[in-house]
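We call the chains A, B and C, going by the order they appear; numbering starts again at 1 in every chain.
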Amino acid sequence: VKRDIITIDDLSNEEIENLFALADTFLPAHPEDGESDGPARVRGRLDLADKFILASLFYEPSTRTRFSFNSAMHRLGGSVIESADPMTTSVAKGETIADTIRVIENYADVIVIRHPREGAARVAADYARIPVINAGDGGHEHPTQTLCDLYTFRREKKSLKNLNVLLCGDLKNGRTIHSLVFALARFGARIITRPAEGLELPPHVRRRLENDYGCITVPKEKIDSLAEIPDIDLVYVASKEHLPFESPADIVVNVQLRKKDLSQFDVCYVTRFQSERYSSGEKKSAYPVVDREFLSKSHYKKTRVLHPLPRVDELAYDIDDDPRGAYFQQASYGVPVRMALMATLLGVGKASLSQPKAAKESYSNSEGIACPNPRCVSNDDAEKRYLVPRFWVVPTTPPLLRCTYCEVEVKAGCVGSISTRRYYTDTSVLKSMKLPDVIVFASEQEAQKAGFEPARTPARKSLAAR
Amino acid sequence: VKRDIITIDDLSNEEIENLFALADTFLPAHPEDGESDGPARVRGRLDLADKFILASLFYEPSTRTRFSFNSAMHRLGGSVIESADPMTTSVAKGETIADTIRVIENYADVIVIRHPREGAARVAADYARIPVINAGDGGHEHPTQTLCDLYTFRREKKSLKNLNVLLCGDLKNGRTIHSLVFALARFGARIITRPAEGLELPPHVRRRLENDYGCITVPKEKIDSLAEIPDIDLVYVASKEHLPFESPADIVVNVQLRKKDLSQFDVCYVTRFQSERYSSGEKKSAYPVVDREFLSKSHYKKTRVLHPLPRVDELAYDIDDDPRGAYFQQASYGVPVRMALMATLLGVGKASLSQPKAAKESYSNSEGIACPNPRCVSNDDAEKRYLVPRFWVVPTTPPLLRCTYCEVEVKAGCVGSISTRRYYTDTSVLKSMKLPDVIVFASEQEAQKAGFEPARTPARKSLAAR
Amino acid sequence: VKRDIITIDDLSNEEIENLFALADTFLPAHPEDGESDGPARVRGRLDLADKFILASLFYEPSTRTRFSFNSAMHRLGGSVIESADPMTTSVAKGETIADTIRVIENYADVIVIRHPREGAARVAADYARIPVINAGDGGHEHPTQTLCDLYTFRREKKSLKNLNVLLCGDLKNGRTIHSLVFALARFGARIITRPAEGLELPPHVRRRLENDYGCITVPKEKIDSLAEIPDIDLVYVASKEHLPFESPADIVVNVQLRKKDLSQFDVCYVTRFQSERYSSGEKKSAYPVVDREFLSKSHYKKTRVLHPLPRVDELAYDIDDDPRGAYFQQASYGVPVRMALMATLLGVGKASLSQPKAAKESYSNSEGIACPNPRCVSNDDAEKRYLVPRFWVVPTTPPLLRCTYCEVEVKAGCVGSISTRRYYTDTSVLKSMKLPDVIVFASEQEAQKAGFEPARTPARKSLAAR
């Protein structure tokens, strides 16, 4: 059974640790002479993957990701076929993702895809018989960047446990940030945010931190060790066993005691303003900068500064020579990490992946609700020829639908039963229905337009009865 | 002596069969576990061509052709140097095809070229000392696509003989169609056309089907087994030994008897509207669509549906899961077929090619007639620095000149003798003249403008005298 | 210690001869059958560099350079990762050269870079731990083209000594020309110029020919053997031991005696109009053309015609079949020469390079003078984030500053002492100052604006005192 890496959730913590152990074996134990002044890097060529071809499909510009995937494949002994510019391909003639992928899968053994549409990599994975790796799909996810980030944390800090991580900049649109916060939460980090104004972590990410990863959100004022640090917004304290306090109620009481827990940042992770995801004029004027002066506070003495690059002005050149700057090392680790990942997906690495989790049942009905995200692949005119909206049901009250492509969530307005042609405004009725009979509408009006009538039992009663 | 593949006519039927037998050896005898649900495909890497470099020169967008050629070269063990975007090359500085090719031939062992100019691949072949493969030259030919098509027919239908092939869509501009119909005629297929309105096979293709391949054209009404099928236009019945009737005169008589011969289509070959070959506004509104409903007629029970891809709307997604849809398999076969072709041209495949046929003598005089096709390479301002119009003489009455580059034909208006400075309106005089003494004009006025006088012997008499 | 090839000055004459001896071993001793009619070329694949990856970074269009570098790496057994279009990389997101290079150096073993900014390759070399090869930086230099040129001279003329070389065309903007004239001067050639009107060798190149290479400039009229040749401008006679006369004063006397020395041109080197370095409308109408008629003079009987290609109209197609035309052979030699260079830089070639010369001390002060060349990398807004102007001091009177990036020179207006806050208009005072104390201004006004006062001792006196 093939494995795809579309979001960081496609790998368990144990699998990540196994990949990292394999990546370690690709790096030289001792840096060669003359290299002691820079990042450790992979050299030479193995023959692990010499029978394999990587298809690199980049529908958006890339330097690090494309070059390091290609380099990784060559270092493993394999070959690369690639497109760095979609306008040189049949995309220029209107070809859909599903068609492109069902062709390319015959020419290669593993596919890496970057695409401007959110959810595009999931579509690619659904249609390919060979492993697909998401190299960034719009503002959604970029899981191998997250693997490189985590690998850098681990190499620089010796462990992925108990880290205090400060996230700076555009936390709203940076796809690398979204993958990263979920992974950090899983490894029990304390996440401190320092967003540009208006560019906080989006609500669906916060909700998932809380719902899926048991994070507790603490405003800065509640943790006095942070009082003197400017611009800090929120702290996400992940998974109960890593809390510096016993229960949410204890926060205010206990933060006094655990002051030291947040007195030193292990990592300061800086991101640039994602101007290409904005319309012109939308650019914010104030953007938090990390420079030597910022790092002069005692909190940052042992901090490692990371940045997924490219940088613009948010990370000053004056820390390039500072031993705390680890961003070029981070870029360098793209090769060993991607080597480990591809070797493992191709079945030639020593790391082994567990069987994929059984896919969660998803809801789909082309007549019902659509994903509200205009950048979602399911809203692309060409892709709509064959794609129908598809959701996971998030069991909150009221329930949410989470798009299986872009993971943006939408509130269900009312729920219909196809067999009875009735609809319910209390969407918790979903729990007692079989998915093939379900149709979800954004509002009662939409349901009525589609010819559905209000259910005889009011929704509230129906809920109460169960 | 090197061999080039510029049109499908550059390979004999026997050579094609030999290439296909070699291609078979590159495919797995049994699909691997977990792949049984999709097209058979090549895996692994051989070392047949590990000393060789392919130069992939794509001056127009491509997904399938470029990726499958590159994949094929890697599967053979070789390397690739490539340009997927002409604006990144010296074309941006005005370099001609001949100059580019005379440079690149020193950097590679085989050249694959796609170019918007019709006849460009022939120019490349004329100037290269290494084999050149035409990967599509404007609306002219795309012979390796035809090889993939034929290979799919043969794999799906066990033989290339006696096939009934329905061609749908844009038969006018699809270069894949032109290569294909000639090849089908050579293998004795019955070709049934279902063109979009105004996009029938162009006259020069029809003429060649009749003149060069002995095809007989039968209107649909004459073959009652086709009566119930909508939109069908013409049937081309190829090469006499495959006719379902003895002679053209027998058609009306015999079609009743051979009703069964056309009751089942072996292949339905669908093509998209070639919008990039049109000026805007020229797009036709009605375009024949192939979908599950269309295929529900009894004629299509055992049909295989092919499409060179990309598709737009002419091939519905609802047959993607239908076992009759073979278009992704067809795309997959690009690898084994192109492996067989390149290995053979490089002299490392087991298939052997005969010596090339002696080139037909061609007529050329830069002062005389020019190719009438504005998209012909010989009409490109840059290429005119060194290219002169060049034609084969088609021995019809009146004779035609067929451009050796783009194969578009032009009627000769009158023929001059350079030594006598006389011209003849009866162009059949050509037969009795030596080519170096010949100059052909589009009209008498052109001849007179060039200082030629009418021949003393009237053309008709001259002809009668011979 | 790594070596970079940024200008032709980065290689000594002996190193160049060693590289050429290595390049010879890559070419077949005897051209294969069927190839006798064209340039000698490299075939097959070695395993010299099979552990290495070349990063090809092309920020401007290229055919010959990119394809031949990539081919050379494959022929050596290595792999290539590449970008042929900067808009598909993070350049599109505003990434600087220094950042791109510090990332890419981790993915490859040698970097080849072409960039529109003059001096960009020097910046790349400064920031990379792996060897960097300049494949053309704006109008500055293109040293591997010069190596190919020299290699062609040597193969065609058996030696690099005592050559008479005619340079035709755009001598102002052709970067290949600037590298070439310096190399020719070093090997003792006589350089005769035939520039297009207004496109003579620029003053800084002439000055370096005279100052650095001891060339003497002789107007055409002084050498009567050249009298009958049209359009010739100047003759540069290089390095005293190759002079056909004893001292500059002897020129007029001796040219009569040495008439034969300039009666035959060994090489006619043609260059195209570099239209991409011009604003529109600036194109000159008259441009010297080399064609069969031009070559009919007795001076050109044994001449070899070279051209870095692509050509436009300055080199006629009518000499393509003339045995004197060596430009396709010249293009072909790109492979063996670049194989030799990369193998040597990677430490796997048999040629050995000496240790690099100790870098000349350079002057830098971001408050002082800036490079006057608007196309210099040090004047690029993005690169200014980290780059400061940097100069070598040319010990002429008055002294010049030569930009270490683009090598354009600027006159120093006055010189300040940072410690005393005084400035001197006689810039020869520089000789007696320590560089860290120096600040150079373009004019006295600039110095005063920066708060500096005139020196008490007038500059002239200060000079006299030393």
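Rule of thumb we're sticking to: contacts are C-beta pairs under 8 Å (C-beta built on N, C-alpha and C of every residue); 3 or more make two chains touch, one makes a residue touch a chain.
Worth saying up front: this structure is predicted, and the values here are computed from it rather than measured.
Taking CA atoms, the transformation carrying chain A onto chain B includes a rotation by 120°, reported to the nearest 5. Different-residue interface: chain A and chain C share under half of the residue numbers found at their contact. Distance between chain centres (mean CA atoms), chain A to chain C: 48 Å. Within chain B, contacts with two or more other chains are made by residues 84-85.
Against chain B, in their complex, chain C makes its touches with residues 34-35, 37-39, 41-45, 58, 61-64, 67-68, 70-71, 74-75, 80, 84-85, 272, 275-276, 309-313, 317, 320, 328, 331-332, 334-335. For chain B in complex with chain C, the residues that touch the partner chain are 1-2, 50-53, 55, 79, 81, 83-85, 87-95, 99-100, 102-109, 129, 385-386.
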